[in-house]
Amino acid sequence: MSLRKRASLPAVIAALFAFAIGLALTVSAYAQTAAPMTPEQQAAAKAAEAAAAEVAAAAAAINSGDTAWMLASVALVLMMTIPGLALFYGGMVRKMNVLSTVMQSFAITCLVTVLWVIYGYSLAFTCYGGTCTGEGVAWMNNWIGSTSRLMMNVGLNAVNVDLAPTIPETVYSCFQLTFGIITCALIVGSVADRMKFSALMLFIAGWFTFVYVPIAHWVWGNGWLATYGVLDFAGGTVVHINSGIAGLVGALVLGKRRGYATHGGETFTPHNLVLTMIGASLLWVGWFGFNAGSATAANGRAGMAMLVTQLATATAALAWMSAEWMVKGKPSVLGIVSGAVAGLVAITPASGFVAPGGALVIGIAAGVLCFWACTSLKNKMGYDDSLDTFGVHCIGGITGAILTGVFAVGVFSGTADTPGGTPGLLEGNAKQVLIQGVGVLTTLVWSGVISLVLYKIVDVIVGLRVDPEMEVEGLDLGLHGEAVH
Amino acid sequence: MSLRKRASLPAVIAALFAFAIGLALTVSAYAQTAAPMTPEQQAAAKAAEAAAAEVAAAAAAINSGDTAWMLASVALVLMMTIPGLALFYGGMVRKMNVLSTVMQSFAITCLVTVLWVIYGYSLAFTCYGGTCTGEGVAWMNNWIGSTSRLMMNVGLNAVNVDLAPTIPETVYSCFQLTFGIITCALIVGSVADRMKFSALMLFIAGWFTFVYVPIAHWVWGNGWLATYGVLDFAGGTVVHINSGIAGLVGALVLGKRRGYATHGGETFTPHNLVLTMIGASLLWVGWFGFNAGSATAANGRAGMAMLVTQLATATAALAWMSAEWMVKGKPSVLGIVSGAVAGLVAITPASGFVAPGGALVIGIAAGVLCFWACTSLKNKMGYDDSLDTFGVHCIGGITGAILTGVFAVGVFSGTADTPGGTPGLLEGNAKQVLIQGVGVLTTLVWSGVISLVLYKIVDVIVGLRVDPEMEVEGLDLGLHGEAVH
Amino acid sequence: MSLRKRASLPAVIAALFAFAIGLALTVSAYAQTAAPMTPEQQAAAKAAEAAAAEVAAAAAAINSGDTAWMLASVALVLMMTIPGLALFYGGMVRKMNVLSTVMQSFAITCLVTVLWVIYGYSLAFTCYGGTCTGEGVAWMNNWIGSTSRLMMNVGLNAVNVDLAPTIPETVYSCFQLTFGIITCALIVGSVADRMKFSALMLFIAGWFTFVYVPIAHWVWGNGWLATYGVLDFAGGTVVHINSGIAGLVGALVLGKRRGYATHGGETFTPHNLVLTMIGASLLWVGWFGFNAGSATAANGRAGMAMLVTQLATATAALAWMSAEWMVKGKPSVLGIVSGAVAGLVAITPASGFVAPGGALVIGIAAGVLCFWACTSLKNKMGYDDSLDTFGVHCIGGITGAILTGVFAVGVFSGTADTPGGTPGLLEGNAKQVLIQGVGVLTTLVWSGVISLVLYKIVDVIVGLRVDPEMEVEGLDLGLHGEAVH
Amino acid sequence: MKLVTAIVKPFKLDEVRDALTSLGIEGLTVSEVKGFGRQKGQTEIYRGAEYAVTFVPKVKIEVAIADDRLEQTIEAIQRTAHTGKIGDGKIFVFDLAQAVRIRTGEQGADAL
Amino acid sequence: MKLVTAIVKPFKLDEVRDALTSLGIEGLTVSEVKGFGRQKGQTEIYRGAEYAVTFVPKVKIEVAIADDRLEQTIEAIQRTAHTGKIGDGKIFVFDLAQAVRIRTGEQGADAL
Amino acid sequence: MKLVTAIVKPFKLDEVRDALTSLGIEGLTVSEVKGFGRQKGQTEIYRGAEYAVTFVPKVKIEVAIADDRLEQTIEAIQRTAHTGKIGDGKIFVFDLAQAVRIRTGEQGADAL
């Protein structure tokens, strides 16, 4: 039994590796063999050939400036999770749980990376059937991408012609990978202090596959939500609402932390907010890669995304701080940094679409609403969202997604074909707010329901929660055999 | 009374937001209406039109490589303040004040961002009357810029044709914003451990408006110091002398920290120099964005700025360490990192103008002089510059500003029109040293005097200093209701 | 005596500075005088002239996108050492030694910078005689570069036409400098907790000069190992094997730490693995600059290098974690971050040469082999490699260097002239594995032997090891007069 | 007067304090200590090196009381600090020769 | 011999030590403790959750002395640790059965 | 019963504990303290400001024993904590009025 427990997860990982190596062999072998084809296959092959020609042309179009910015953006966004988010969360828990908390961010980074390269990118960011735009798009592409990029089987100069035509596809894949990583890592804020490490790993593997990959495809991979018109520049729905609701469901399924809110003692005070401040700062800095990087180019739109990000973040931080100062009597470090993160979250979907005026309103709304969610709503409802993933990311994400529909400046998203772009309510397009609402609801429902199922399955397999004794004596020693001295 | 205290500052912030939103509405409305014009207005309009045409042309000239580097530079320079400077300072105070210290950097980042977008950039980095060079420049532009960029009311592809013609104006604005942030945040090193948070916020709002914005315009916005010929590549005067003298005045006005230098106990030992080391390292890394970014392009001048920055920093660090080793018997972590920061400060004004040989001398001079200022001068004079903002930034800034006049290599600043650029003393242009001196003196006097006035005003409004009891029991709990456990 | 001790090292540094200034004067004077020449000199001059013309042409070829990425890469790689490596190591020692450990990384950064600018870059990255390719290459260039770049005496638009033709030479020099820094800084992991600071500084000065500079030239400066065909994209041999073996020799010469392995107490537990996690994360993030930056361009090869780096790192981290989980019963934070670093190390030589499939195998191999080296091999052999520089960097580096010869994809290194590039064993070029082995062995022997000699010399001059009492009471107070409170 | 010293598991601190408070005891002093005893600590493993953590975290509660409260104090501590598992800790009682309240100079039981 | 234990406000430590030193006392031992008493701690607020910090930081000073120094020692501590505000702390006195200086093996008052 | 308190150099802790264990003593309690005495601390220097560290780190070991073990306990501590250098520390012995094992309620020497 103890052996079984010991060996089970590592064995799964070993199997995963074996599978991936097999896949790599297959994929590269496949690239070299030519089996006889059925007529449909031939048609597909022709399409593929045409696509290949297009790729070759596009390869010539790799722009070194755009590539430089996107390479830097990958570094920035990875830094958001490790060490950024790890520290943001790690500083808020009790000292006996800090290592287990940072371990979660780090291990999720590793796990999602491997899954991403094997199948995540291909299913999310390519088009089913190979055609992304125009008549030829397959109906299935509404739901899921293709298998053409399994194991990231591409050449040096391949590009994703539809989504990022001026940078190498490897870079685009890495960039999108870092989004997948942080989305999964955000969830741990809700279940911190009590979830088993092995259970978390299993849950994340499932959640990544059945929630993140499809929703990313729907919104960003020319899937049905994209076609429907949902605007989400850098991930209000895909990243924040998505992880926030998954976190809330986790908090509800797991139940409260032992001793939470039953005592007035100092039991649940954050042990080191300096770590949290470092984390919030690195999130802020890295978020430039997140939002301005989502232009996938070093151009004016990236610049505007950066500017509104900076403004909304600062505004939300001051708004939360002011609200707290008025309501509680003191402005706090945890307050101002939480406000900054709330602002970052809310401006995320809006960043390529709104001007500074809109950013200012989004910032104020995010700061005040998330403050209310974390300090009032949570207590009224009585759930124990340990580090407020729901209160900051889901509420902030909804705020931003809806307000994007209000403040979108049409010309910012204009293209050569449609110079007017997609305007928002203030420019007379009231419908956009509803469209945004559909995006929000879809994400809430899909992520909420599938997450619930996954938690239950994992609970049956390995059990979700640590022993009561371990919870009291600390997860660092209990789960990982380590301690901060 | 207590309510008044509670509500006052947040209320001010709320008012600020309301004003900004109003401004945003006005600005965008204004852009769409056309009131009848007076003849002068018509002339101005014509000039504006011509400028607009120029802008359009320039927009086409946005260079993706330059933009990529400047986007990355914004991230690097923001990282200098949060978490860089926050940690550099936070590690040097006592444990009971660490959160209040990092809070100051974070809150200043937010406050300056909002003020910058509303009016800071426009007043500092555009030209009064709309014309920056040649005959048509308005006399008023010696003193202050225009209101044409209030609320950063620009399109995606606008550029600042005079100051950064190859990158989006949004990016240039963000870049310059990060300079404004760190300049304001540097000041807190002198007043740490005893200044009220509310007083600091008010002071910074005033100082940013009446000291930073004008001086930035004078030196970098084609103002009178620029015309006069002062060389300041990345901010020796605008950033370091400016904040350093404001800090010293603050230290003098506030008086010594309770217990400072009266006891031999370990009362004032830095609580965690690991944090200070992290901060100094991030300052160093981020400073590449600061200095090489000040080329506003990814070119040879940026490269040379990076090289001399690296060399001067390392040299100054070794110089301070060696001086300390000889004088005090041991090389210390605080010593070597202070030396590195001194070197970064001193090479800042020189970075686009000098060659490695000059950088080496600047590094040695900065290391030794700042060591002397922090360890001897301060004790002799008896002021309590808590974390040595004056000793490192003002003294280092003066060293660098003057030596720029000595070591400037003419061709480095050469343009197509004037290939010889501005040489320094070693190349026979002794006058440049005097010109540099004028820049230094102007900054010392303007910043010193206005700062004094502002401290006095703030003292009357909310009081500058915390209660004696709070000073003894720690600002973290007293001001912010938090503690590091 | 005490005075001698105090003054000796700072005096050496002062002398170094004096020498450098003299050199700077000479070099710039030399650039302006024209002494009569011997015939050989005239020939050389002609070659130089031709080279100069080529340089001028190349200068026009500076690509802003490539330059933007390389500027960013310099910042990323510097961040790997300070604060990255400083924290990675600092978190693993006992609290009483943390400042002395971070001091080592910081001081090495400064020392190597100065030596690099004075002579390191010139000797390593230029070609003896001025010609790098074709017939005219001097035989001596197999062994050492030229003195043409002493004190980095170049203009703004100079480029290194052979090694990095599209970016300013100043940027290339800074980039390579950051490699020299981290290589030297890695060594301290083996000798931590017991080596004198002064001894370390002297050793590093010698090691940089007699080990790092020549090996860098051999492999990357068109030296004999490059000609021989050794593939090392970003430093498997030059950086990791090189420092790893130097560390092991140091651990053996110094002997075990006082009390190591004789007691079962908690004496040697790492004091704060949160710092180590931050360090590992920054190493990971910065490593993108290291590996993708080694393409010296923002192109498809950089993109592929980034992708395989990310994949191998994640894989190795999971592999180490799984191995530990199976063998020891718990997955640990120190385990997973060590695995990540092992993966980064192993993919380093391979990063521009292999595809994702190869990266996956390299990751698994690195994770498992380094786990074995650090947990079994070390204990069996009985050396005290304090923080496992040998176990992670030397073993990981050998793994990567050899497997590069197995998995190299020819077309990735193809050029216009040789589109097939250099394939590896799997593509039928078994010989490459042997060539890689020669690179490995050469590095092991040269670095091992010279390091031994240098340790012995330094031991005679200042003594390698601190007093037993200081070792027990902590190096922070003893060597640096500081403590973390 | 007596000084009662209790060495208990850290997470029991709040409960013990509440119990003592409800007896009318108005002050106590707490410190973090490491205990060595029958209860074995966990093992920390770092890169294969295993360190048996022989010391486990405990808190020491010191409370000065008048003699007549001794029994109920001991009882209250034992009741609340008790889990029944090894490592629950000890209560030690000392005679207190003198007590002074610094603020007022009061002495003896008045000072408590 | 007596052992005098004083629980005082942290920022008073240097003053108390200086006063004791000037009495000719050559050694003492200090530890960081948390006090619970009439003095109420401040409130920490984290995202709306308020935690009344019932424990306030104090330092405990332990000094072993010969019997005849008891009075002046108590007096010195009380004088220097005194602020007049609630929370100034306590002095407790214990009988010391034996004292040994480890370095020399000296016993009794000589060991102090 | 007696309570023996030893203030020793931190790096001697493991040795002392082993010696006591081999006497058959099954428990003890340790805390980190700062000592002031004849041993002078080192000097910390920060940007030219020198702080003489008057307090040096020590550990305090508390062990409750039956009366008849007093001698051997003192001897064991003195033997193992001894280096002969200033600052080796002190042993203090107190009478223990009562001892209780919380888990079982055992009292007196049985509780140790």
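A, B, C, D, E and F are the chain letters, set down in written order, and residue numbers restart from 1 in every chain.
Here is the rule we go by: contacts are C-beta pairs under 8 Å (C-beta built on N, C-alpha and C of every residue); 3 or more make two chains touch, one makes a residue touch a chain.
Computed from a prediction, not measured in an experiment: that's the story for all the values here.
Visitor: Count the smallest number of chain-to-chain hops linking chain B with chain D, moving only between touching chains.
Guide: The distance in steps between these two chains is 2.
Visitor: Among all the other chains, which ones are in touch with both chain C and chain F?
Guide: Of all the chains present, those in contact with both chain C and chain F are B, D.
Visitor: By the touch rule set out at the top, what is the minimum number of steps from chain C to chain D?
Guide: 1
Visitor: Tally the contacting C-beta pairs at the A-D interface and at the B-F interface, and name the larger one.
Guide: Between A-D and B-F, the larger count of C-beta pairs in contact belongs to B-F.
Visitor: I'd like the Å distance between the centres of chain A and chain C, where a centre is the mean of that chain's Cα atoms.
Guide: Here the centre of chain C sits 34 Å away from the centre of chain A.
Visitor: Mind checking the centre-to-centre distance between chain C and chain E? Centres are C-alpha means, answer in whole Å.
Guide: 53
Visitor: Could you state the distance in Å from the CA-based centre of chain B to that of chain E?
Guide: 47
Visitor: Two or more other chains touching the same residue: where does that happen in chain D?
Guide: 31, 44-46, 53-55, 94-95
Visitor: Touching at least two other chains at once: which residues of chain A meet that condition?
Guide: 63-66, 68-69, 72, 265-266, 269-270, 278, 298, 328, 330, 332, 334, 481-483
Visitor: Chain pairs in touch?
Guide: A-B, A-C, A-D, A-E, B-C, B-E, B-F, C-D, C-F, D-E, D-F, E-F
Visitor: Quick one: which bits of chain C touch chain B in the complex? Just the residue numbers, please.
Guide: Per the stated touch rule, the residues are 6-7, 9-11, 13-14, 17, 20-21, 24-25, 27-28, 59, 62-69, 71-72, 74-75, 78-79, 82-83, 86-87, 90, 98-99, 102-103, 106-107, 109-111, 113-114, 117, 151-153, 155-158, 167-171, 173-174, 177, 197, 275, 278, 298, 479-485.
Visitor: Going by the contact rule set out above, which residues of chain D touch chain A in the complex?
Guide: So the residues of chain D in touch with chain A come to 11, 13-14, 42-46, 53.
Visitor: Residues of chain E touching chain A in their complex?
Guide: Chain E reaches chain A through residues 44-55.
Visitor: Note which residues of chain A are touching chain E in the complex, please.
Guide: 261, 264-266, 268-270, 324, 328, 330, 332, 334-335, 338, 374-376, 378-379, 388
Visitor: Okay, in this complex, where on chain E does chain F touch?
Guide: 3, 17, 26-31, 64, 94-103, 105, 111-112
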